[in-house]
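Before anything else, here is the set of structures, which you'll find just below.
In what follows, subunit A forms one complex with subunit B and a second complex with subunit C.
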Partner chain A sequence: MNKVIGTAVSRTDGLAKVTGKATYTGEQQIPGLVYGYLVTSAIAKGRIRSISTEAAQKAPGVIAVITHKNAPKVFKPTNNFITSKIYEARLPLSDEQVHYGGQIIGLVVADTFERARDAAQLLQVEYDIETPLVNSAKATYKAANSMFGEEMAFRKGEFSSGTGVTEPATIEATYTTSTELHVPMEPHAIIAHWQEDALTIYEPSQWVAGIQRTYAELFGIPSEKVRIVTPYIGGAFGSKVYPWPHSILCAAVARQIQRPLKVVVSRRQMTANTGHRSETEQTVKLTATKDGKLDAIVHTAKSVTSPVDMFPEPCTNITPVMYAAPNMQVNQTVATLNVGTPTFMRAPGETPGMWAMESAMDELAWKLNLDPVELRLKNETTTHLRKNLPFSSKHFADCLKEGAKRFGWQNRPRQPRTLTRDGKLIGWGMAAATYPALRGNATVKVRLLPDGRVNVLTSANDMGTGTYTLIAIMTAETLGVSVDKVSVEIGDSLFPDGGLAGGSQMTASLAPAVQQACQNLLKSGKFTNTKEAIKELQSSGRAAVEATGSSAPSEEGKNWAFQSWGAHFCEVSIDEEIGRLRVTRWVSVMDIGQVMNAKAAASQIRGGVIMGIGEALMEECVFDPNTGQPVVYDLATYHYPSHADIPRIDVTFVGKPDLTFNPLGARGGGEIGITGVAAAVANAVYHATGKRFRNLPIAPDKLMA
Partner chain B sequence: MPSDKKKPLGTSRRWFLGQALTAAGTAIVAPKVLDNVNVAEAQQMSSNSLRDGKTERNSPIQGETPVTLTINGQTQTVRIEPRVTLLDVLRERLGLTGTKKGCDHGQCGACTVLVDGDRVYSCLSLAIMQEGRSITTIEGLAKGEQLHPVQAAFIENDGFQCGYCTPGQICASVALLNEVNRGCASAVTADLTRPPQLATLSEAEIKERLSGNLCRCSAYNGIVASVQQAAGQTPPSPAATMLVEEVAG
Partner chain C sequence: MKNFAYVRATSTEDAVQQSQTTQNAQFIAGGTNLVDRLKVFLDRPDRLIDVSRLDLKQIEATKEGGIRIGALATNTAVADHPQIRRDYPLLSRAILSGASQQIRNMATVGGNLLQRTRCPYYYDPVFACNKRQPGSGCPAIPGINRMHAILGASDSCIAVHPSDMCVALAALDAVVEVESTKGRRQIPFNDFHRLPGDAPERDTNLEPGDLITAVILPPVSFAKTGIYLKLRDRASYSFALISVAAAIDLSGESIRDARLALGGVAHKPWRSIEAETFLKGKPATVETFQQAAEIALQGAKPLDHNGFKVNMAKRAIKRALTISAQGGGVA
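After this line comes the complex of A and B, so read on.
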């Protein structure tokens, strides 16, 4: 067997992407296509008293003007995450109520994009305005259940702190994060094309089979009548799993006008209508012995949701995972604001959760005069303290030690404000990273041709994660062919259900399914190897031999907890006079089990780290307290890292397969990279300046204050 | 059609304003006449490889005017309203969807194309102002099967993930290398009298010169490495270090 897994393979979709031939949603060439432009609310709370569409209807090229008064009917889907799911439980244009600024209140359809956009400005809307609530400090919080309805609060131990712990050291602090936007480079877009009673949807989707069922329920047609096509996704980060209101509206109006209809959400409209990560406020209390053994962890978290759906940011998922403590208590609450619906954004919960936990651990290390690496090693847990299950494979200590070595951590001065370079303060910080390992059902079809080429088909998708290449690697490995012989077609509901790209699970779900399909292919003809199969094809004149293979988790989750681990080390340089902070050095070491592609996996971790640097230093969506409208709404106002903000990110993987988890031992790396990053930066800032920053982002104004 | 295509910018701008006024004035006074004229022009144009986009319209649109563009060496005439951007002509009328719309406001760089060799945000450029210029999009960089060295370097150095900002990053990188060859300085060039050469182009210079192109997947390390490779330098490996290398059965 030739060794392909774990090597550095260039992306097989690379040629299409560098030549402009990769076709994203808005780019499908469909004859007769017309254009929809969304109309959005100018108020953040109230009702539409009247809406005048006459001028828009008379505008050149206009085909339809849709508001709540003439909105086409759609059915409420089951909306249970399993059979179907929409991001926002309220269906678009279902009444005259306005729940948040920028909510969709209409759609104008015209023969060109320019004419639709122009006519959309001609609607005259009168509102009954109510005072919106966008300030979380004034909100009323109530106990939160997870999005699946499970209780989030958790308590263990007697909290008899003091018995056995003499002179305990305690840290208690509150940490906040701002509203963060996914802002994928490809704006949300959809083309809906009805041909008689069959619907084809071109839409970026992280869950092809799921939204196929969802659209079927929305329009009361069988799933077989819905086709989802999403060969390329221009970034998603959690915001392109289910249909958003604009998607539902586009498909409904396309049916009404009997024309293929394209709706692209403008960058500004995306702010309210395509999700975000809620702001959070967390309090962490750590109690430890003098030599740094944790005795109690208390972690409470608040987040906010929209009036039309419930999504609590699950910050406390990490608490029973990270560190051993005999006493533990977590609590989560959520409040409703007049803002758009929040949703999953890269490591939902873990990202803000690890910001708070890893900042608090750093504060404790300073208080105890312990090395923060040592403090973490001292409190490592081999079991998941809520599930009471052992971790299947854990090399967290290797991540800490290897990272420290690569960074040169042993040379770190133990006092803040001691390192300087070129008149600037230098600081070193570190933090841990973690993300659970998930795995779902996936099915793949493999077809071997007489000329030795292999086609692989599955509805799974690639939003930049490297799925095309992963499938090619896995096929090449199992069939013993070279990667360039494998052609992969994905992102189409006509292909077998390849599962969900979310929760970092695509690789873990899909790789075993590809392996299984390839093995089934050889078994089907009793071939000992691929060469024999090709020979048989050539001599028999058969067009191809094909097989499907599936993979699904079994009972292993009853006995084991599956989790990935990592450590970040970084250096910052700070010019206090002008509040300028530069991240100058970064080392990450990750334990994500077997790495499938050393190149793509490294890029995923780098991408996560950089999004985390954005969260730490600049990403912040702000709402006007009076109007309730977002005043940060595009790529000029919502700052995220550019080339000049980012140093080289040194990535190392432990690489030990977690074979209890799946047959390849691969756990996936899409999300773990971002966790802990903001804390590592803030901890470095403390080392540089002696100032503890507990509110993100650490923007220049805060550094100068 | 203007016959003074090759004249300097001032002429084009004056022509554009005049043309816009004429169109508006005519539309108010006698829209029907304009329609008839447009039909005649469209018929005349169709023999000249007119591609009026994928939308099959039965009647021409008021205020549209024929615009002749040279894109990737091919001359094409489209009928567009003066407000149509170069980006929307490429994507919505000519099927050249390699150029991406990321923000439509000149904030992200995904729509970067080359106009007479210079990098331009096509979302901020009216198509009607590009007559007589040579436009190169991502589709026109390779010579047949032979990729441009920057394109090949992007694949090798993993200079992308989702690929949506990639055409813009590549066009910007191609222009960047030309700018260095021409001796252009950047905001981080220490000595303006001695701008960097390709061989001495630092990472800081590359990052500064590419910061008009955002990448949310943040393949920034790979993109910088790609430019280094295309500049003739040896970039660091894009792959991660592995502590253990085991292959599961």
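After this line comes the complex of A and C, so read on.
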């Protein structure tokens, strides 16, 4: 049997997806299903003085009209990240207060979606309006703790000028990013179905076992009474881990009306109610010797949160990871605005953090007249400077060197505004990428059938990242069968707990569990190989042999820090006079340990690069300064890259397994691709134009100014 | 969404008659704009008259040497039509710069003329808006107005017309053919769309029940040099920040005739007759084009967030005229 791991395997769920056979939440057919339409606030701050529901109640087909006055009660979950988190600490409809524009203030349930939506227009709401604050420049910032409640500020070194640095070079600059939306292709949706005291939830979820516990707490029932079904997720990017207010409301109202209830959040409603990445403002100060050895790094970051939950964008996670400097200081602050609750979005923290850090490194390289690749090589650190632990496996230098080679970096002129093509300015830029390697607990069940097919079951899920295919690859590899013999069923809490798809850890958690289960299966019958097992099944008349396998991190985290690395190189072409920029070339080299599926991994990196180009050039959610409502709220107003914005993206992997991390040596690849991208673009723009852009997005109006 | 009757018009006369039977009848063609509006309750028709099956799809040469485009020809059919590509390349390119292939396959010429502004305040009933609800106010003026008008706006509305095709039609001196119960009439393109004034709820000078039957292009000998330059926030599938339709007729080194229209600047496609007049007889130099651009933008009134449009429009004009003077092509 050939090696399957690391080859390019097309997604096994691809056919089902392109033929419409893959059933997403909103498409689940449940007999007796009724439909809820969310009513959202027309003001961004204040309180509901009165809400008149009579007309809506009388409208055809209406089953229930729910507001804060008659909202069904649920328990407040312990709201801990590991056991039972909800995205927004305030429970939906818990009082008459309005904290942000578009906040959910009611739910209308009817026998059809159209009737529910129609009746929702009939609600008459009177508000006491207060002036909302949506301008971060006017906000008050205070020190932030991480989302896990840990202190974020960190300082090392004496910062005394006597560290032997003569003629230090210093750069200090402030970099901003805009409010970014996740915009997954599949909007958020949920169906809640109560049968007596048991609850079935159909909902796209990055963490089946996690939300099973959350719903159990919300309704005061045992976890076994909650079933979560999420076979397919149409993209999530961090916005589909925990229940949002609409999810809680749907499940609570379904119980009250004793009917299966569906709520789909519209694209417009998603802007307020299903998270976003906070805008950020970061200042980076770098001090270095003349020949480019960093002496001090000072990194401060500001982000904003909603009045009803605390989520600081952890920009400074990357500071103690990227570059060695004897002196280091990081600070994070957060302010409250009248906007919806921000949350994780692809590489939370690392994405804006690397934007600032990698822009600053570029500025330093120019100041010192050093090649930016060389500057990075010079300052590499082999240890995590906050944890004081060595990195288990680090091939950052290989990423830089290989990327430079593939791109042809050595031909880069050292002066801005020197490269031109067809009358346009050409610029080359590069930046580093990084993301931590995480790993959680996972369990899977494997069943071998007499006809040689293998069935794998786990509650793990696939947000489009390739979990189905990963499981098939791992099973095929371990049992020596072909990928098409493996059928995978996932995303159901009836199956063993497959862990969380977040923090780029699904592959790292799951692959060793699948391997273990397959090995256990062979061991269980003392089979030397799968053929023997099949023979035994056929002769004995047994229906299947099955085994479960689990995997979990052990003590290795006490001795090692785990992190992935990468480098991006890109070319931009700029028609300066009319503010037209195109990214024309892209090379990424990534060190994510063992690559499990060459095709899926490259696609993840490409997806990250595309999302990063969006962040660099166009993504920006804007709020009306007077009403506090977003004026960017759908796919026409929130621009992200079209095909025409994206060049060929050349992705390669270092491919060295990180065996200290897990038995396969595979770290995740879902998030690292986006990190550093915006800086690489801005650095290329500087090379092309000699102008430094520190505020994202670099839209045409800024470019030609 | 309130319930409405849906009827298929059997003929042009039938469509026009049907539109008189209720207060609030609306035509629907490709539906690419109207259906979106229905879904957010911007329009509440009591009767939808489907005109999409009417026999108004032909694109044919006129005796005068121009072309007559049926109102129900799809945007794709127009953009791909051999005579249009040959004689009016700027129309073809303007259409192809808009929307997506799928939308252009559905969208019709008549519908394109009547698509409504993309002002985000207009599309979200959470905001006041004079265009949606006359007299309620214009939140875009004190609000976020990066996409809004710099020319011809009023105190009641600063929205821009979103169409690309219409910018080309303005430059090409198109005529809109309209049928109503009173008969058939022709409206010169420049009189078709309106500036907002104090009635921003009216985008055009059509009367209720008017059915667009065709758009007629006169022959324009130098339209072959025409170009369409669209500047926007991404490479494809977004509305213009600024767009320019331009064509130049050269006689040796000097300009015999010129056409210039702008998109993304006003409540209607903005034809600049002043700049065209200025260009006539001048040498085809960058300085001339620069001056024409200054003239075209005279009287521009930028708002808090769209000041860049003035400069962007000037530069785009200069660029478009320069390429056109070199014989045209893709901008």
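Here, the second predicted complex is superposed on the first by the 701 of 705 C-alpha atoms of A that agree within 3 Å, B and C clash if a C-alpha of one lies under 4 Å from a C-alpha of the other, contacts with A are read in each partner's own complex, and residues count from 1 in each chain.
The definition used in the following text is that a contact is a pair of C-beta atoms (placed from the backbone, for glycine too) under 8 Å apart; a residue touches a chain by one contact, two chains touch by 3 or more.
From a predicted model like this one, the values you see are computed outputs, not experimental measurements.
**Q** Which partner does A:Q29 reach: the first (subunit B), the second (subunit C), both, or neither?
**A** Touch partner of A:Q29: subunit B, not subunit C.
**Q** Which partner does A:P184 reach: the first (subunit B), the second (subunit C), both, or neither?
**A** Touch status of A:P184: first partner only.
**Q** If we overlay the two complexes on their shared chain A, which of subunit B and subunit C does A:H643 touch? Say first, second, both or neither.
**A** Touch partners of A:H643: subunit B and subunit C.
**Q** Would you sort A:M704 into first (subunit B), second (subunit C), both or neither based on which partner it touches?
**A** After superposition on chain A, A:M704 lies in contact with subunit C alone.
**Q** With both structures placed on chain A, which of the two partners, subunit B or subunit C, ends up touching more residues of subunit A?
**A** B
**Q** So in the superposed three-chain picture, is A:G579 touching just subunit B, just subunit C, both, or none of them (first/second/both/neither)?
**A** second
**Q** Figure out whether A:T465 sits in contact with subunit B (first) or subunit C (second), or with both, or with neither.
**A** first
**Q** Determine, under the contact definition given at the top, whether A:K58 touches first (subunit B), second (subunit C), both, or neither.
**A** Touch status of A:K58: no partner.
**Q** Which holds for A:M618: it touches subunit B only (first), subunit C only (second), both, or neither?
**A** Once the two structures are laid over each other on A, A:M618 reaches subunit C alone.
**Q** Which partner does A:Q629 contact after superposing on A: first (subunit B), second (subunit C), both, neither?
**A** Only subunit C is touched by A:Q629; subunit B is not.
**Q** Across the two complexes, find the residues of subunit A that touch subunit B and also touch subunit C.
**A** Subunit A residues touching both partners: 114, 634, 636, 640-644.
**Q** Using the touch definition from the top, list the residues of subunit A that touch subunit B in their complex.
**A** Answer in residue numbers: 3, 5-6, 8, 10-11, 13-24, 26-27, 29-34, 60-61, 111-115, 182-187, 232-237, 264, 266-267, 398, 402, 463-466, 477, 594-595, 598-607, 609-611, 634-636, 640-644, 646, 648-657, 659, 663-666.
**Q** Would you tell me which residues of subunit B are touching subunit A in their complex?
**A** Listed in rising order, the residues of subunit B that touch subunit A are 54-57, 61-62, 81, 83-84, 88, 91-92, 95-105, 107-108, 110, 137-139, 141-142, 147, 151-152, 154-156, 158, 160-167, 170, 203, 206-208, 210-224, 236-248.
**Q** Given the complex with subunit A, which residues does subunit C contribute to the contact?
**A** These residues of subunit C touch subunit A: 1-2, 40-41, 118, 120-121, 123-124, 126-127, 139, 142-144, 146, 229, 231-239, 241, 308-309, 311-312, 315-316, 318-319.
**Q** Mind listing the subunit A positions that touch subunit C in their complex?
**A** Within the complex, subunit A touches subunit C at residues 42, 101-102, 114, 117-118, 121, 268, 577-580, 582, 617-618, 622, 624-627, 629, 631-634, 636-637, 639-645, 699-701, 704-705.
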